[in-house]
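One chain, subunit A, links the two complexes that follow: it is found with subunit B in the first and with subunit C in the second.
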Partner chain A sequence: MTNSLNDMRHAKSLIFIGSNAPEAHPVSMQHILHAKEKNNAPIIVVDPRRTKLAAKASDYVRIRPGTDAAFMMGLVHVIIKNGWEDKEFIRTRVAGFEEMAKVAETYTPEEVENITGIPVEQTLRVAKTLAKNRPTSLTWCMGGTQHSIGSSITRSFCILQLVLGNMGKSGGGTNIFRGHDNVQGSTDMCILSHSLPAYYGLSDGAWKHWCRVWGVEYEWMVGRFKEKKWMNKKGFTLSRWYEGVLQTEKIHQYTPIKAMIQWGCGSNSNSQYARVKQAYDKLDLLVVVDPFPTMTAAACESDNIYLLPSSSQYETSGSVTSTSRQIQWRQKVVDPIHNCKDDYQIMELLVKKLGFADEFYKNIKQVPEDITLELGRGSLTIGYNGQTPERIKKHMENWHTFDIDDLQAKGGPCDGEYYGLPWPCWTEDHPGTPILYDVSKPVAKGGLPFRNRFGVEKTYDASGRSEDLLAAEGVYNPGSEVEGGYPEFKDVVPGTNWKTDLSQKTIKEAIAKGMAPFGNARARCVVWNFPDQVPIHREPLHSPRPDLIAKYPTYKDQQDHFRVDTRFESEQDPELVKEFPFVLTTGRMVEHMGAGAETRSNQYLAELQPEMYAEVNPRLANDLGVRDGEMIWISSPEGSKIKVKAFLTERVDTKTIFLPYHFAGILQGKSYVENYPEGTAPFVSGESGNTVTNYGYDIITQIQATKDGLCKVAKA
Partner chain B sequence: MARSKIKQNSGVGMATSRRVTLNPKVARRSFLKLSVATAALTGVAMTTKMTTKVQAAGKKVPYAGSKIVRTICTYCAVGCGVEAEVHNGVWVRQEIASDHPVSNGAHCCKGAGAIDMVTSPKRLKNPMKKVGGKWTNISWDQAIKEIGDKLLSIRENDGPDALHFNGSAKVSTEMAYQHRKFAAFWGTNNVDHQARI
Partner chain C sequence: MARVKFLCDVERCIDCSGCVVACKEGHHVPVGVNRRRVITLDQGKPGEKSISVSCMHCADAPCIAVCPVDAIYQRDDGIVLVNKKTCIGCGYCFMACPFGAPQFPKGNVFGARGAMDKCTFCAGGPEEDFSAEEKRLYGQNRIAEGKVPLCAGMCATKALLAGDADVVADVYRHRVFQRGSGVNAWGWSKAYKE
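== the complex of A and B ==
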């Protein structure tokens, strides 16, 4: 989130796309409804499904899954056509506007209706609502990302906010609601196959930086790898790791995957779950570290599997980063129960056994505080260095001193600081950055310009036009020595820049000059390192509109896409819809979380929501001869199927089937409940929605496309 | 689903549950009380009868010598405060965090049952391995030795990239950092977690 949940109280309008906050982020609703009640802010909800959030909307926009980019570009089209864009903001802080606007020209409201199913009048009405009620807070979740063009869709959201001038403002922003409790923290630490912590990437410079932080020789680290080239090559992802085991698709590494450690990760959130299960059976070693056995314990039917009982997070301590970038200290409530150990203890046992404990724990004596300090020393890119354990704990003790409207402490021991020291928190005196890219405050007081990351000038491929990528004269944070754009800071300590200077002198010098360590630049509408430099619509891989495939085809197939070949073009079959006529989409329910291992083992929640189901429109059900509560088979083009109860509701339209994805224990009609260790099977089980989610992955991130697949339905 | 059915299903584990909560019914009452406060938010329908039951439970008195631990809910990324009442090392009740600047005293139905993360009878209790298709309890020493030996042998024969490490968005930032660091020190970029999907 560029802003915070609390800051949404100041929005004058709100638009949610692929986000269902009352189910996925219930407590955020008090801030959202505050804006609705107090500011009379219209709420626009864009979703294929009439969700609980849609019930609170002033305008509900039903959209065909996977067509969000077309709708966004359509809104941009209407806004520009009416002259409603924020011309001064664009002139001074945005790059590539003209090239983007050229693309938006083709997304007329009529064409948007053809692609998305949204009526022309509604596109016009939404554009006007946003233009007349600024700032707008824009939110998306997995409904925006889990598509083969997810990276274009999310960029189109950002472009809408840039065009409206809603960035860096209280009440505005791109406010992505993150899912798991610490997914922001774990993303920042980059448990990701394409980067070292804090988004440093996998370049030699990144490895050398982190080796310095860890206190190990770079050459020693190179020696840990098969060969140096494997250090710089992106690894297999969670979406497709099992292809490394199954090898039915071509893989690009010297060995198949033979061992898997799965630590705090419910496996049935993977699409094509039947294939995941096959991979489990084939592995030489499978280690599950979790407070609960998870579906993995039941799905894996060979003797290769170990379960290590980790304690819950209430039986250990450490920091967690909320969706609002706030860092909170989760204090230990009780000691680990049963024969469980906490995560740190288990990691230490493994690392000692594997023989690199001296190097691994060089800076770590006191756990977890010394780890907080080590990760902070290295994570300068995102300013995790100012949030010491002492400061975070002080915030926990002084909750009552923080103002609910702006999250700033008014008096008391944390006076002037923002709750949770939202990153970047550049120094140990910095108050945290409550709103990213806000030039109305000094950098030392939580302000920031846009980051300079992609050079200082660009000549665009599409237009041949050259543009200065730094912010225009007159755009700067109060107190800045330079009263306009400037590049990132480097060579304050020779040979280093603001990201790699571990003495942090560079960062301190920038702040002392009233400037941002990362420079003051423009936000890009054109991303020249992506296949689509400006977001455009491309039909989902499995499209229900074969007539649109020729005009909006998907990408070329990708070789060695995170070490495995990934099909795009060759997978997009216009005939597929004939056999699989319905769009399949998934989502959450409030009573359950993720893969559901925790919540289905919680007696209260299991009672509240005990059963898997599929949402089917009554008209469709009547045509299929299915009555409410009857069992149906849902089959995917990949050949897997699930048997679930039909829940007749007009939340979905006649072309769409919705599945919650929290259930597990039953796979393709067969119960695996007996396979759990005795007494540990969750209170409730059911088919996993992800057994029938389709093949399909984002071109950039390889996120699985679970929101716009196809399926067929038959009475069971 | 009827409550009695759940109790039947959980029969095996209830003894364990009692060991960690002094009285599971207390937790249940506390849950109901919280649920009333948050019913409007979560859409959980509460009947009049249930509300009366809560009022009958009356004002609760802290356990003698208990302490309140402030912590953060482990479900979603809103980051709600939780106040845990701990008595003799046992988490006995939870309360809303009315001072918390984000949750502001609210909970959803998941957060209101946070205590069950510790009291659930469905938790794993010992390290286990599968032998001849049967789950078998083993010691931590045996588990780490066998897993470690197998990993080292795979590393020797197939190379470090024969391992895939799926880490977690449900651990602390310190632990998440160690997940990534572990993969680096092991010698692979085959490391990923739920943020990918």
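== the complex of A and C ==
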């Protein structure tokens, strides 16, 4: 989130696209409804389903799954056509606007209606509502990201906010809600295959930086790998790790994957779950570290699996980062009970057994405080260095002194600081940055310009035009020595920059000059290192509109895409819709969480939502001869199928089937419940929605495309 | 003396059932017995509305009037409670209640017999405050601890208000004024054309 949950209280309008906050983020609703009530802020909800959030909306926009970018570019089109864009913001703080506007020209409201199904009048009305009620807070969630063009879709959201001038403003921003209490923290630590912690990437420089932080020799680290080149190569992703085991797709690695550790991972959140299950059976070693056995324990049918019971959050402590970039300290309530151990103990035993405890624990004597300190000292890119355990704990203890509206402590021991020291918190006396890219405040007081990351000038491929990438004259944070754009700080300590200077002299010098360590630049509408430099619509791989494939085809097939070949073009078959006529999309329900291992094991939540189901429009059900509560088979183009109960509701339209994805225990009609260790089966079992979610992955991130597949439905 | 009331602000209720689960977890209410429920009307259609409902602790409670053994009584603060040791489980209160609040033990189709259970406003029961017997029969006694009921305390959007009726009314009145006029005011779209 560029802003915070609390700051959404200041929005004059709100747009949600691919987000169903009452089910996925119920607590956020108090701030959203506050904006609605206090500011009379219109709430626009864009979703294939008339969700519980739509019930609170002033305008509900039903959109065909996977066409979000077309709608956004359509809004941009209407805004520019009416002269509603924020011209001064664009002139001074945005790059590549003209090139982007050229692309938006083709997304007329009529074309948007053809692609998305949203009536022309509604696109016009939404554009006007946003233009007349600024600032707008824009929120997206997995509904915006889990598509083969997810990276373009999310960029189109940002572009809309840039065009409206809503960035860096209280009540505005791009506010992406994260799934649980520490998803932002795990993202910041880059528990991913393509980057070291804090978005440093996998370059030699990144490895050397972190080796310095960890206090280990770089050469020793190189020696841990088969060859040095593997250090710099993106690994398999969570979405497709099983391809490395099954090897039915071409993999680009010297060995198949032989062992797997799932640490706090609800595995049935993986698409194509039937294939995931095959991989379990083929692995030499499968380890599940979790308070609950998870579906993995039941689905794996070979004797290669070990379950390590870990403690719950109440049996351990440590720092966690919230969706608003705030760091909080989680206190331990009781020692781990029964036979479980906390994650730190499990990690320690593992590290000792693997024989590198000396290197691993160089800076870590006191757990977990030293861990927070070490990761903070290295994570300079995102300013994690100012949030010491002492400061975090002080904030927790003085919770009541912070203002609910702007998160700032008014008096008391934390006077002037923002709750949770939202990153970047550049120094140990910095108050935290409550709103990113806000040039109205000094950097030392939580202000920030846009980051300079992609050079200082660019000649665009599309137009041949050259543009200065730094912010225009006159745009700077109060007190800045340079009264305009400036590049990132480097060579304050020779050979280092603000990201790699562990002495933090560079950062301190920048702050002392009233400037941001990462420079003062423009936000880009054109990303020249992506296949689509400006976001455009591309039909989902499995499209219900074969007539649009020629005009909006997907990408070329990708080789060595996170170590495995990924099909795009060759997967986009215009004939597929004839056999699989309905769009399949998935989502959350409020009672269950993620893969559901925990919540389906709670008797009261199980009582509230005891059964897997598929949402089917009553009209479609009548055409298919299916009554409410009858069982149906839903089949995917990949050949997997699930048997679920039909739940008739007008939440979905007549072309769309919706599945919640929290259930597990039954796979393609066969129950695996008896495979759980004795006494550990959840109260509620059901087919996993992800057994039938389709093939398809984002071109940049390889996130699975679970929101816009196709399926067929038959009475069971 | 203050009289307690619940109020569920339907503009705020998001149908998350947090109140239901807070109640059940907090009082260890058996599965199948619902002291509180969220009701949704027109689910998935325009105008969808949700409301959280439990015993309303009526000022002139029909359940008290019909109880043949006088097991149900009202405290001075308005909280309506049942004495489970007196209750004969006849179900008259269930027939009289306008909200379907009284609950009975679940069992086989005809076999469920036992004392009535319902929302206590988190005020325990006639047994001694904080006694093991009170906890076993009625759950926690948060009112004696000076706390609001669990359901309202848990409510993410503060849709569900509970406590002194005057304070609840003030909070709600403040909200109604704050909503004021403009696009979200009731009747605005009928009165004005944009």
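Going forward, the second predicted complex is superposed on the first by the 716 of 716 C-alpha atoms of A that agree within 3 Å, B and C clash if a C-alpha of one lies under 4 Å from a C-alpha of the other, contacts with A are read in each partner's own complex, and residues count from 1 in each chain.
What we mean here is this: a contact is a pair of C-beta atoms (placed from the backbone, for glycine too) under 8 Å apart; a residue touches a chain by one contact, two chains touch by 3 or more.
These figures come from a predicted structure and were not determined experimentally.
Novice: Let me test your reading of the model: by the given contact rule, A:E591 touches which partner, first (subunit B), second (subunit C), both or neither?
Specialist: both
Novice: Quick one: is A:Y344 in contact with subunit B, with subunit C, with both, or with neither? Answer first, second, both or neither.
Specialist: first
Novice: When the two structures are overlaid on chain A, which partner does A:D290 contact: first (subunit B), second (subunit C), both, or neither?
Specialist: A:D290 contacts subunit B only, not subunit C.
Novice: Under the stated touch criterion, which partner chain does A:M221 make contact with: subunit B (first), subunit C (second), both, or neither?
Specialist: First partner only, subunit B.
Novice: For subunit A, which side has the bigger count of touched residues, subunit B or subunit C?
Specialist: B
Novice: In the superposed arrangement, which partner chain does A:K258 touch: subunit B (first), subunit C (second), both, or neither?
Specialist: first
Novice: If you stack the two complexes on chain A, which partner ends up touching A:K52: first (subunit B), second (subunit C), both, or neither?
Specialist: So A:K52 meets both subunit B and subunit C here.
Novice: Thinking of the overlay built on chain A, is A:E37 touched by subunit B (first), by subunit C (second), by both, or by neither?
Specialist: second
Novice: Identify the partner contact of A:E650: answer first if only subunit B is touched, second if only subunit C is, both if each is, neither if none is.
Specialist: After superposition on chain A, A:E650 lies in contact with subunit C alone.
Novice: Considering only touches as defined above, state whether A:S324 meets subunit B (first), subunit C (second), both or neither.
Specialist: After superposition on chain A, A:S324 lies in contact with subunit B alone.
Novice: Using the superposition on chain A as set up above, list the residues of subunit A that contact both subunit B and subunit C.
Specialist: After superposing on chain A, subunit A residues 22, 26-27, 29-30, 52, 590-591, 603-605, 607-608 contact both subunit B and subunit C.
Novice: Which positions of subunit B touch subunit A when the two form their complex?
Specialist: The contact residues of subunit B facing subunit A are 1, 3, 6, 9-10, 12-13, 16, 20, 28, 31, 38, 41-44, 69-81, 84, 86, 89-91, 97, 99-104, 106-114, 116-118, 120-133, 135, 140, 143-148, 150-152, 154, 158-197.
Novice: Which of the residues in subunit A come into contact with subunit C in the complex?
Specialist: Those residues of subunit A that touch subunit C are 22-23, 26-27, 29-30, 33, 36-38, 40, 42, 49-50, 52, 54-56, 58, 60, 590-591, 603-605, 607-608, 649-652.
Novice: For subunit C, which residues are in contact with subunit A within the complex?
Specialist: 11-12, 14-18, 20-21, 24-25, 31-32, 43-46, 48-50, 156-158, 175, 178-185
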